[in-house]
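Look at the two complexes coming up: chain A is in both, with chain B in one and chain C in the other.
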Partner chain A sequence: MSTVISTMRHVRGFDFARPLSIGMLIFMMLPLVFLPLASIFLFGTNKGLASFWAALSAPEAIFALKLSLATSFWATVFNVIFGLFAAYVLSRHNFWGRNALIVTISLPTAIPTAVAGFALLLLWGPYGTLGRFLSPHGIQIMFTGGAIILANIFVTFPLAFGVIKPVFDTMSRSLEEASATMGATRIQTFWHVTLPSLRGAIVSGALLTFARAVGEFGSTILVSGNLAGRTQTAPLYIFAKFNEGQIEAANAIAIVLALFSFLIFSVLFVARDWFDVD
Partner chain B sequence: MFAKRQTERISDKTPSPSKDNRPAPVAASVIGLSKRFGKSSVLENINFHVAEGELLVLLGASGSGKTTILRIIAGLEDPDTGSVILHHKDVSDLPARERGVGVIFQSYALFPKMTVEKNIGYGLRIRKRKRKEIKATVNELISLVQLEEHRKKYPSQLSGGQQQRVAIARTLAYKPDVLLFDEPFGALDAQTRTHLRREIRRLLKKVNVPSIFITHDQEEALELGDRIAVLNVGHIEQIGTPHEVYNHPATEYVATFLGAANILSGNLRGNTFEMGAAKLPVRADPARFREGQAVKLVFRPEDVVLSHSGDLPVGYYCLAKGVVEEASFAGAYERVSLRLDLSGADSCETPTSQFYLTTETPESAATSKPIIANLSKAVASGVRVKSGDRVTVGLNSYTLLPDRGR
Partner chain C sequence: MLSCRTKFRRRAKCLFISLSLGLVLSPACLPQPPAESGGINITVYGFSIMKEALENAIYPGFATKWKAEHGQEVRFTSSFAGSETVTNQILQGVRAEIAILAIERDAERLKQAGFVTSDWRELPYGGIVNQTPFVILVRPGNPQGIRDFPDLAKAGVRLVHPDPISSGGGQWSILAIYGSELKKSETQTGEPDRARAIQTLRGVWHNVISTPGSAREARTQFETGFGDALVTYELEGLLMKSAGSPVHIIVPRSTILSDHPAVVIDRNVAPAMRPVVNAFMHYLWSEEAQRAFVKYHFRSTTSEILNDENKELQPIEMPFTIEYFGGWSRAYPEIIEKVFRDQVQQTRR
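For the complex of A and B:
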């Protein structure tokens, strides 16, 4: 990923606008982005690494991190497979209502997460539209890990689809036709020809979904029940500890989540180049 | 040379192209293909066959339906009626993957995530052949198309010509019944095209796989094909050897599509074509023509000779007198535009006067007809013509067509 930035050649001598504009950009970002991020790290480490580790290794903290990773993982698996399938269907077949379907898939990003969580509660809750038929049989979906996965799936629904579909759209049909004339079945063609071209999109779609799911708060707090050590994810843990006044405990997890998102973001940045080399 | 060319005149049928006299067995044929998209008819009753080892070119302008024919043979599209026969087997109802045809797509459609080797071995891997056998075949094909040092490269690292050779090798690997080429030179520059077309012809003759090649480029068709089928908006106008379709076009469309052609409208009188004062002896097949019928005379610019003296080379017939309007240098030949004098004031029989004065009046425009002559360098150096010259126009090769427009 290298772009050549041409320097401004129309100004003679030293161009004062250059350092000035760059400086201004950084100055504006300071209170908005840099300082908030920096304060997490400054505050989390000002009592020494020992207290940071202690806060991090609290059983409830570890559980919250693990729960976040596990639920996000399953939501990602589902949404990538679904996104792949949906992108295939919607870019290969033209049918009545196709655009409506595309809009519907993309809708969850526009819905406030609290509304999403509330909607799930109304559907699957003990007195919900479907939930009330399940609860007499002892089946309870809400306030479990499953509920968190459901919420994660809902809010990250269009992310993988959104990354994979454009690749499908621009992929030349003649590749698949060539494979067919060479004797391959649809499944063989998909596996050997279509899928390899989608590797980069699948990886970045997955990372995007995962990163978004790990940080999900609004819907999770409604559907999970927020029970420490049982249904409390990392963001909920931060919120709970902050409310209890345990700033260090909250901060330790916040640092982990922030670092984690940095990591995913850097991988995303190079993922396309890694997987799409040809 | 002139005497030899005379034998190819008018409606003589040239012998079949095969060197021995028994025709090669039919490898593939399409019978009665028709297709409509909505209200417009794309193909109307298309019939042709390809012999074993033969290279047939489907030549047509865009929208002539040639790509649709190719896709129907490959099984990528269904015809409304008609069938496709490959080696005596009706494959009309088989899906593309069971037909065993090789398609070389316009953009080559090489698999971008596979190396040259993997691309070539794909058809065999799909067929679950033994690894050893795949390796042997791939090696053989790589050396056939001379890509030894590129075998580990990806398609994006190859030139257009190399990609094309991979595309061909990839289909040859599974021994297709027929090879189909979908305008494979479309994306290349003119020089590479000429070079590749010769290379491909050599390669195809070597592997001896029957091939159907579609193109809109008449030069490509003439050079590449053993036979050419000329398509015009969904039907075949003529099928024949390059020699036949070029020198004996069956229709006006074929005549004009395969290079420049002069067309004169006249009438048939006995064994003579008449257009005003212009007359030419013809051999009209009584099955196709009747006395007095409106006909068209078609001839190529390079079959015209001009003479100041009125004397024509052996085998040439005088058509009429004409006035040179413009003579321009076109590299390989000299291009001369003339107006034929149809007034009868000065016919073929009377000797030409070098100092005949011509004045272009509306009346003379009505009794004159513009034509083009291409004089080869050798001829042009013998007969120097300049604008305003009055010359005798001679022809040695021409075709008579019924004029359906009148």
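For the complex of A and C:
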């Protein structure tokens, strides 16, 4: 209701500001976002759908997509659980060093992803601080799918936490207290009272994390070894194909990733609406 | 009416949750299948331009041969990047069993770090699998009239040059330009003119507009319309031509032939893998493999006859190799570091 009134207030007759501002917004987005995306689609399909399909169904391309999805999935699972736990601890308890912890969790946002990559190499690499004690036992984490998951976890660390924590902060504690007075255990209260009100935040946090992890490049190229059909994720595949001059092949996968993120963010948009109405 | 709406909303929400869960959960069921059903796998890291020859001819050729002789499947996994990048990856612990590098220096770096314990120079032909000369690629019609390296220093020429920090090709290219001037001045006056060579290198680098990480990246950049000229391996120009790209290859009067060493990363080779790895290494110098290299526009190290058979490999008036500078152990510190880094790169800023 209130939105209707606020738009009515300024209007006498036709409001020129409306079409003008919308048009300007689209005009500004045109060279920055729309056209670059459109060129991927144009270039990817200008040799016909057959060659697009051939590029997409190359075994290495399929593998790269699967690997990206699988590694992002595990990073998401970890970061959502971790984010939930961290948000719970940091909003329920006040302790010395709490702010330092919050800052540290948020740090990966500002660290260049390449730094994340070589930090992992310096730690877990066969000659790294910890890795050198593992490699004599035949345990190698770097240059495997595990390394990609670690890199994804590092890079997307703050995302789920960042979405979940504000909800915790603003959540009324009276429901939880009521539940406790009715004799529920801590776990029962968490499961039946706290968690349901976090659904929206968990879903958005998970999708954000997943979307970001699928597109991760800078850290992955350092820790994965970039072996086609083994440790090459979709963004690495795109980069390799572009460097080899096979721009059509690069484009085909780029289109898939673009559509994929479009899907994720559409879902996110709808999700936010639905869960907020609740 | 209202209950109907809530019911619809609830159902839609349920559907939506299961859809998004399905979307996110689907990949969990398929974690990384490398399709390792019997047979052996050799991991090869190569510098950027080795890709086509290895993947299209050398790997299948060796796999067929090994299968016929031992009844065993051999598969290859490989990764390609700038030679220095590949070397650094291996030094960081990537499990490569074989590396094919653009420059001897990288083979030596692997040896000094203890990754290569055998003497790779003991392999046939000093460990060098193939060669290719350095040439200039220009746009169709050669609008700037570029005939030789010094022409790249002309005003207005925009040059793409692979980065000598990460790319072996970038270093070869510097040696090609510098050595070419020494060689020409030597035939003119009997004395190699170092000042003239440095001057030319400076002029050329004044026109460098971009330094991509590998020879292959440089080519892609050039192919997408960036720059007027590119200094690169002859093979790259020939590959571009065979792909129908409108490019003109200029063979300088005097230029360097790059040597590409193949090394076994002994530290990563399991004892059971030894025979097949050794067999593959020797296969690289077999007539079949050398013929395949020439087919993919390299120049053979074992046979001049093979090179002559390929008519697209143009004659070079005054070719030279790294030996002209006394080998890589002298060329790197004396030219790449003392001349290029300290005198050319410094004055560019």
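Keep this in mind: the second predicted complex is superposed on the first by the 250 of 278 C-alpha atoms of A that agree within 3 Å, B and C clash if a C-alpha of one lies under 4 Å from a C-alpha of the other, contacts with A are read in each partner's own complex, and residues count from 1 in each chain.
What we mean here is this: a contact is a pair of C-beta atoms (placed from the backbone, for glycine too) under 8 Å apart; a residue touches a chain by one contact, two chains touch by 3 or more.
What you are looking at is a predicted structure, and each value in this text was computed from that prediction instead of being measured.
For the composite obtained by overlaying on chain A, chain B and chain C can both be accommodated side by side without a clash.
Looking at the shared chain after the overlay, A:Val193 reaches chain B, while chain C stays out of its contact range.
In the superposed model, A:Met182 lies in contact with chain B only, and not with chain C. Applying the stated contact rule after C-alpha superposition, one finds that A:Thr45 touches neither chain B nor chain C. Seen from the CA centre of chain A, the centres of chain B and chain C span an angle of about 160°, rounded to a multiple of 10.
Of the two partner chains placed around the shared chain by superposition, chain B is the only one that A:Ser174 touches, whereas chain C remains out of contact.
In the superposition on chain A, contact of A:Ser106 is made with neither chain B nor chain C. More residues of chain A are in touch with C than with the other of chain B and chain C.
Between chain B and chain C the least C-alpha distance in the superposed model amounts to 9 Å.
In the three-chain superposition model, chain A touches chain B and chain C at no common residue. By the touch rule above, chain A contacts chain B in their complex via residues 172, 174-175, 177-185, 188, 192-193, 196-197, 199, 278. On chain A, the positions that touch chain C within their shared complex are 66-67, 69-70, 72-74, 76, 121, 125-127, 131, 135, 140, 142-143, 145, 203, 206-207, 210, 225-230, 232, 240, 242-245, 247, 263-264, 267, 270-271, 274, 277. The part of chain B that touches chain A in the complex is made up of residues 74-76, 95-103, 105-107, 109, 111-114, 122-123, 126-127, 154-156, 170-171, 174. Against chain A, in their complex, chain C makes its touches with residues 9, 12-13, 16-17, 19-20, 23-28, 30-32, 34-35, 43, 48, 51, 77-81, 89, 92-95, 214, 216-217, 219-220, 223-224, 243.
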